[in-house]
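Just below sit the structures, each encoded as C-alpha cells.
Okay, so subunit A shows up in both of these, paired with subunit B first and subunit C after.
Coming up: the complex of A and B.
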C-alpha cells in the first residue's frame, strides 16, 4: 500500500529547503559582490526568468537527446540482459566489455564521438546511451535472475518453456529492478546529453554552461544548473511515479 | 493382478560435489509406492529427503540407481505432467490474484480462459478459499497461501502429489487444520501421495505407510505400516494404537542419536542394540 505523506512531513521538507535558501541569500548579500561566483538565489531566479525562452530552446534539444539516448540504452541493455540469462559464455564475454565501456569517462569519449558522428544529434545521443546503459543492464540482469529456487522448481515440474518462464515469471520479477534502474538511468541520460553538448554544439544545456563560463556569467551558469537539475529530477520522478503506480502495490508486501 | 508400483526407486544414490568435497545425500535407497498409496517420508533435517523428492519429480537426476514413475522415467512423467507439487513455501506469484496463481499451470499447458477460470474456481472452492479469488497473496494468511498452493498442485489432475514439508512453516493448529483438509481432498481423489515431513504425528495421521530415513546419507531405516482406520480424524491421535505407531517411528528416527548419547555416557553399546530394527 502506498501512504500519502502527512502534511507535517511535507512542511518539514519545505522548511528545510527554504531554510537553506534563506541562509544562502543572507550570506551572499553579506559578501556583497566579493563572491561573484556564488550569486544569491534571487539573482539566479531573475536570470532564469529573463532567459526563459533561451532555456526552453535548450531544454528541447537536451531532453530530446536524453530521451532518445535513454530509449536506445533501454533496448540494448534489456536485450543484452536477455542474452546473458540465456547464455553464460555470452555473459562472461560481453559483461567485461560493458564494464570497460562504463569505465571510460564520458568527457574523454565525446571528442572521439564528434569526429566519428559529426556535430549533429548523434554524438550527444551516443553519450546519453553510454551514461544510462550500464545501470539498466546490471539491474535487469539481476532482476531476471531474482526468481527464487522453489519457484524455479515449480516451473520445472510444470514443464514450462523458456519463453513461458520469461513472460510469466522472470519479467514481472525483474520489473521492480528495471524501474529502479530507470530511476538511476534517466537522470544519467540527461547528464550524458549535457556533457555531449560540450563539444561542437550551438544549443542545449551543455552548450549554455560552456558559453556562460567563457562569458564569465555566473548568474547564467547557476540558472542553467538549476534547469539541468530539474530536467534530471523530472526523469527520476517520472519513473518513481510509474513504480508507485505499478509494482509498488505488491512489492512492498511480497512474501 | 498386482499392478506395478506408481513410484519405484531402486538402489538410488545421489552424490553432490561441493566446495568441501563430495557429499553423499542419498545412498542406495529402495522404495516402492503403490498407486493411490499415501507414503510419508520422515528423517533428520538435511538427510536428503528433499533431494529424494526432487529426483522423483525429475528436477534432479540420481547418480546411481533407477527411478520409475508410472512406467517411465521421472523426466517423462514430468513432461506428461503427472505431478502436482507443494513446497514448504507457497511460492505464489505476488502480482497475480489467487485465481491467477491457481490457474497458472493451466496457462502453461495452454488451456482456454473460460476453462481456466472454471477449474480455478472449483479448486479454490475445494480448498475452502471461495470469496478470495481476486485477493493478492499479500492479503492472505500463511495457511490460506498454502491452501492456494494445494489448489494449484491439483488443478492439472495429477496422478501423483509430491508434498515437500508443505505445512512446515505453519503453527500447529493451522497445520492440523490443513492436514485434515488434505486428508479430505486426498480421499476424494485418491492420488498417489509422497509426503516429506519432519513431524512424526503428521506422518502417522496422514499416511498409509511411514518411511523413516537414516541421517545423511539417506537410507531406509524402517518402514511402518499405519494401521489406523480411515477416514482419519484428529481424535485418533489420542488413541493407544496411534501412540504405539508414533513410538515405533520415533524409535527408528532417534535410534542413532540415542546410541550416540549412550556411548557418551559410557554405557555399553550392546545394551542398546536395537534388535527390532529393520536393517534396511
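Coming up: the complex of A and C.
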C-alpha cells in the first residue's frame, strides 16, 4: 500500500488542474472571442462530444499504428539489449548507431519514410518505432545489467550456462526496468504515430490536428489534442496498471 | 566466450583506444555498408543516395543549404537562450521564495510532461506562422529541463557547507553565487545535454509545419517538389547539427565542471 500516492497528494493535483481550468474558462469568457485561438474548456468539450464518431474513427488508425510500432520497437530493443549484455564490443559499436538514429528529427525523415514505405500505415508505424525504441533499449540494457554481481559469480561457479543466468537472474531483475521502459515507450509510440500522420496522410489524429491547424479551426484542434493526449495517457496507464499488478510489490520494497 | 575476447582485445590495444575505435567503427561500418549496398545494387538516389555522392552534392548545393542552416541555427539559439534564461531565473526565485515555490512548482510539474513537439500545431494556431512560433517551440523545449534541473541543483547544496556560510554570516547573495550556483552546475549541464539537441529538433519541426525558412522548411519543400537530393542533404545536415550541439555541450561540461563527482 505504501507506494500508492496518498489521498492528499491526489487531492492537491486535482485541485490544481481544476483551478487552471476554471481560470482558463473565466479568462476566455472575459476575452469574449478576441482570443479565438484559445477557446474556453466548455467549447472544447462541446466539440469533443459533437464529433465523437469522427474521433473514434481517427483513433482506430492512430492506435493501430502506435500498437504495431510499439511492439516492433520492443522486439528490436530487447533483442539488441540481449546482444549488448552478451558482447561489449557489439554494444560499443551499435550503441552509437542507436544514438545517431535517435538524434534524427522524426519529422525530417517522414518524407524519406514515405518514399520508402508509401502512403499507408507503414511510415507512421516506422515513426512510432523510432519514437519509442530508444528509451526501451536504454532501460532494458540497464535492467539486464542490474544483477547482483555475487549471484552471477555464484552461478558461474556452479557451471550455469549463459542462458540459465539470463532466465533465472537477469530477466527477473530486468522486469521492473522493462515495465518502466514501457510506461515511457507506449505514450511515445502514440505521439510518434500522431506526428507520422502529420504528413502525407488522410486519416488519423495527426491528420486531423494539422488540417484543423491549416483551416484555423481552434475548437477542433484543441479537441483533437485532448483525444491524442488521452490516448497517450491510456498507454501509460495500461503499463502502470500492469506494473502494479505484477512487479509492483517487490519494486516498492526494493526502493 | 566474450570474456576471453574482451581480454585479448584489452591486452592488445588498451581499453580506452579500443572502445573509442569501436564507437567510431560502428558508424564507419554503417557508412561503408551503405556505400557498398547503394553502389552495387544500383539503388536510385532518391531512395538512398550513395554516401560518396553526398559530399560533392553538398558542395554544389552549399549556398542553398547554408541559407537553410542559418535561420535554423538562429531560431534554435534564440529559443535555447530564452529557455535557459527563463529556467534559471524562475528556478532562482523558486529557491529563494517559498511563496513562488508553492504556486509555481505544482503547475510546472503538471505542465512539464506535455510533449512540446506534439503541441507545435497548437502553438502555431496561437502565434501564427514564422519566427515567433519556431523560437517559442525551441524556448519551451529548453525551458522545462533547465528549470527542473536548476531547482534540483540549487537545492542540492552540502548541508555542512551551508551551515558554515551561515555561521560566517554570509548574505543570501553570497550563498547563492558561492555555494548554490556551483553546486547546481552539474545538474544544469545534464539539462543542457538534453536541451541543446532538443532545441534544434523543436525548431526543425516548427519550421517544417509553420515557417518558410530554415532546414525544416527546406526538407518539407524539397520533398513536395521532388528535389530528393536537396531533401536528403537538408536531413543529413540537420541531424549533424543535432549531434554537433550535443558534442559541444558534452565537451564544455568536461572542461567547466571538472570538480563535479561522476553522477
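Keep this in mind: the second predicted complex is superposed on the first by the 241 of 255 C-alpha atoms of A that agree within 3 Å, B and C clash if a C-alpha of one lies under 4 Å from a C-alpha of the other, contacts with A are read in each partner's own complex, and residues count from 1 in each chain.
The rule is simple: a contact is a pair of C-beta atoms (placed from the backbone, for glycine too) under 8 Å apart; a residue touches a chain by one contact, two chains touch by 3 or more.
What you see is a predicted model; the values in this text were computed from it and never measured.
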item	value
Subunit B versus subunit C as contact partner of A:13, first or second or both or neither	second
Which partner, subunit B or subunit C, touches more subunit A residues	C
Subunit B versus subunit C as contact partner of A:172, first or second or both or neither	first
Residues on subunit B engaged by subunit A in the complex (per definition of touch)	54, 57-59, 78-79, 81, 83, 85, 87-89, 91, 93-95, 104-105, 107-109, 136-138, 156, 162
Subunit B-touching residues of subunit A, taken from the complex the two chains share	148, 150-151, 153-160, 164, 168-169, 172, 247, 249-255
Subunit C-facing residues of subunit A, complex	12-13, 16-17, 20, 37-38, 86-89, 92-97, 100, 103-105, 107-109, 111-112, 114-116, 191, 194-195, 198-199, 209-210, 212-213, 216, 218, 221-222, 225, 228-229, 232
Of all residues in subunit C, those that touch subunit A in their complex	2, 5-6, 9, 19, 22-27, 29-30, 46-47, 106-107, 110, 114-115, 117-119, 121-122, 124-126, 197, 200-201, 204-205, 208-209, 216, 219-220, 223, 228, 231-232, 234-235, 238-239, 242-243, 246
